[in-house]
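Take this structure, written in structure tokens, and hold onto it; I'll ask about it next.
Every chain is named by a letter (A, B, C and D) in the order it is written, and numbering of its residues begins at 1.
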Amino acid sequence: MTTPIKRYSPFGEIEEVGEGLFRLNVGPQHPISGQGRFIVLTDGERVFDIEVDIGYSHRGIEKILEYKTFVQGIVPVERMVMLDTSNILMGYVGAIEKVMDIEPPPRANYIRTIIMEMNRIVSHLYALGLLSESAAWNPAVFLWTTADREPFLDLLEMLTGARWSYSFFVPGGVRADIPRGFIERLKATLDWFEKRIEVYEEAWIYNELFRMRTEGMGVVSRQNAIEWGLAGPNLRASGVPYDTRKNEPYAAYGELDFKIVTHTAGDSYARGWARVEEMKVSIDIIRQAIDNMPDGPVRVRMPPRPKPGEALFRVETGRGEMNVYIVSDGKEKPYRIKISPASFRNFYTIEMLPKTQEILLADVPVLIYSFDPWFLDADR
Amino acid sequence: MNEDILDRIRSLAGEALVEIKSPEDKRIYVKVKPDAVVDVARRLKDELGFDMPISAGGTDYPKKKVIELFWAIWSSTINKVLILKCEVDRDSPSIESLTSVWPGVQKFERETWELLGVDFKGHPRLKPLLLPEDWTEGYPLRKDFDLKPYRAKWGDRI
Amino acid sequence: MIDALISFVNENLGVLFVIAIFPGLAFILGFVIFAVWYQRKYLARLMIRMGPVHCGGRMGWLQLIADAMKLVAKELIFPRAANKTLFLFASVVLPVIPAAMIALIPFAPGLIIYDAAGVSLLVFFAISTLFPVVSVIRGWAANNKFTIIGAFRNIYLDIAGEIPVFLASVGVMIWAGTYDLNEIVLKQASMWFIVPQFLGFIVFFIGFLAMIEKVPFDIPTAETELIYGPNTEYSGAMFLNMMEADYINLLAWTLLMITLYFGGYNGPPIFADPVLNGVFWILLKLIIAITIIFTITISYARLRIDQAVKMGWNYLLPLSILNILLTLAMKFYLGGV
Amino acid sequence: MAGSEVKRPGFLARVVKPFIHVARHALKSPVTHKYPFERIKGFERTRGYITLNMDTCIGCGACGYACPDEAIYFFPVEGRKYTYPAIDYGKCSFCGLCVETCPTASLAHTDLVELAGYKYEELVYMPSELKPINIKEVLPEVRRFLITTMTKDGPKYILFKEGGED
């Protein structure tokens, strides 16, 4: 005698799914789970519900920031996503600059752009590696991408002093100018990396078995993508031409010419592919930024206290749009900071997908990693 | 800025409107009365095309004895962000959930319920998200949440 | 009765020695050690890293011994809900099945561990069907959701893969006119069967990947979904046994493929050298074969179970039947070997 | 540009090309190095272990105020007139804000990151202990130092210095 299993529908009703189902705990100790847990309702192969359980690495960063000065807050904010620290930090620093009403010098904007695009490449490489690993426990592509991140991390260490968590952006600019020999090495790295992207495309994106696994799986329609609040390359893979870099330019993006990668399919394959194409766009942006970089100072003085007020700053991180809502009461510490990272939004779509289409148990890891989620990001 | 959009919002919100401003081109701040939030939200979505939720949360003001809630919504047609706000009573905060209008705010409201103690009526899944399931020590994002016991426990190790 | 047993052992001491010690167990263990080391080093190179470098000098050939010692020293954990007898039984029995399959393979002229009286190919397939049965036993006995899903996947996959594999080798049987592996090898002295049986080989090879449960068919033990499939709950020495069973299974099926399609212990027909004939050639072919298999394992994505089953029944099965018809026609018009 | 409508190579190329690409990687040289024996030199700006020059330090406390992790404490030193910073490396996140803030440039980064200890107390470095550390003391196994470079064919390690002396 089994009792019928129930699940939550999008609008609050509880519906019965069927008998003979069980809940599978994918995580927190599971090869794919990361620092979270996916509770999968399944009959053995078909999946009826996925519940994302986050919060295993909740550090209360929003609360911590209320006790730190604006500059001190840089360090905890960066710890949200280790892979993508400069993009995350740009959200925080940009919000402060907005509420303090200061404008960084143009050269600082270009240096920021270069660092952020390198960070985006690093982040997308890791996403591609995880996607390949989730589809086959195929460590080859994962280790290639991990190895190919190294030249970029070396460059970032050369420029900022750390492989990640650079703490390099401060309100009012960046902490140092570009060192000698950096630009030459960056150009050589980009030339070499362009050839590596071709290898990824032929070995993995065009791989027939990878296509069989991902094409037509986990389709998010344009309408659903907007209503569920999907973010980043996932949103663009569903056909919404939204990119914060283009729609609300920050740093030097307003002065550079680049295209938005969009796909119409909205399936896992398109999401994986979109990331590879975005890396090409990033290379293009870095090259333009090197060529157009103006001379001048890299940092302006920050006023000690902001005016009371509020601001919402949006930034395109590797995983999608992050926004920082900051309320200031005129003291040297923020009154309230609300950070909405991209993964937090993307997890909702993962929860919703099994309710709109058939997902098999084998699809679950590929589905999850096609969204490139990051628990530390969502937990804060 | 955005005067025509502000006018349309003024007309569709009617008496429920408390405050409206647009300090920069891509941001519109709208503050409404708490009992009209769902109504205004649905009309904002249907008539002005603000369809994509990008953030939601709240701020605690112990002196004013209110919690100010906000929902940030991006419009895919006119490419602007609207920040819909309302104030609820701090002692028994409760408001109608907006998940029926924008499904994507589900997780944000759940987080606000957990960290600020605002009850969202009609929310499909109000259960602990970030904190432990047996958390009884209050609402961490409220301003009167005391960090001293935690500092004593974890802060100073030498 | 004891006397009868003792006299039986005395009379068959030589056979037992061959099966249990040399070349039986010694060869198998030697292969497992070599294969694990080779897999680690070779896959590491494909992933542009070094692989083991510490245990046993620069080449790290002692790494498996160190790992095995670590695993044996670990506690054997039996899940509280498990059926402990069957749980232990499955882990002990599983490596024996593929080992018994190897006993039927001819390694050199006259060097065959167990000569199954002219029907060795059929016996090989008969033994191999035990593998999913024991797999279900281990999955059921562990009493865990992941293991039981893995066990059932194992059955689906083995049925979908083994029938095309068997029908493909029927083509070889018809072409050679015998069930005996030794005779099949002898008949390939002038031409390997991959030439007349090319279609059959394609079918066999895809089904073969399913039988050894490697990517793209490592569906039962899919790490990203099922942790380690039916083996999830095993620990310590029992886990070592399971890993060993995987490698012995790989060895058994690879040897069968070499025997059926690549001339077994024969050298290449062009420069057949009577001195080198035998173990040298079969080991060389074995190394080349596992190199290709290991490369395949990290080149492709894993299939879903429904795609794998569909591939088995919708494509491989008709192709294998077509291969049988083609073989019959060729035999009728060209005459066999 | 729309997702699946982009032209892909033919079926055979989609199956065979991945295999060839994977197999070709066997000829590449590894990108890893044997860490305790070979160590990569940091860059000029690398932020690692922080040293203190007590002769120039004026004990102003700016570093302690700047530190976001509250990892800097101040202690008097015998025979000197100020209180000097002590760094708790169990809390330090190597952000470098203290080094940047220091008005007399008494604090400086080194590229040393090998700071492990068996007890928490071992990670707290008193002012007199914040001296430059020879790498041999914390990493006795080290034989060679490498630097990373970028060549036309990809990243390469180049021998920087043989022997344990830094």
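Brief remarks follow.
Definition applied: a contact is a pair of C-beta atoms (placed from the backbone, for glycine too) under 8 Å apart; a residue touches a chain by one contact, two chains touch by 3 or more.
The structure presented is a predicted model; accordingly, all values stated were derived computationally and were not measured.
Should one ask which of A-B and C-D has more C-beta pairs in contact, the pair is A-B. Of all the chains, the one whose CA centre sits at the greatest distance from that of chain D is C.
Our note on geometry: chain A versus chain B, Cα centroid distance of 23 Å, whole angstroms. Chain geometry summary: the mean Cα position of chain B and that of chain D are 42 Å apart. Taking each chain's centre as the average of its CA atoms, chain B and chain C sit 61 Å apart. Computed from the mean C-alpha positions, the centre of chain C lies at a distance of 47 Å from the centre of chain D.
In chain C, the residues touching two or more other chains are 46-49, 298-300.
Residues of chain B found to touch two or more other chains are absent. Residue positions of chain D with contacts to 2 or more other chains are 18, 21-22, 25, 31. Across the complex, chain C meets chain A through its residues 43, 46-49, 145-146, 149, 152, 215-216, 218-219, 222-225, 227, 298-307. Chain A contributes residues 22, 24, 30-32, 44-45, 132-140, 143-144, 147, 203, 207, 209-210, 212-213, 360-365 to its touches with chain C in the complex.
Taken in their complex, chain D has these residues touching chain C: 18-19, 21-23, 25-26, 28-32, 34. Taken together, the chain D residues at the contact with chain A in this complex read 1-5, 8-9, 11, 13-15, 17-18, 21-22, 25, 31, 42-47, 66-69, 93-97, 100, 109, 148, 150-155. In the complex of the two chains, the chain A residues touching chain D come out as 68, 71-76, 79, 140, 144, 147, 150-151, 154, 157-162, 165, 167, 175-176, 179, 185, 188-189, 191-192, 196, 199, 202-204, 206-209, 211, 215, 237, 261-267, 269-270, 273.
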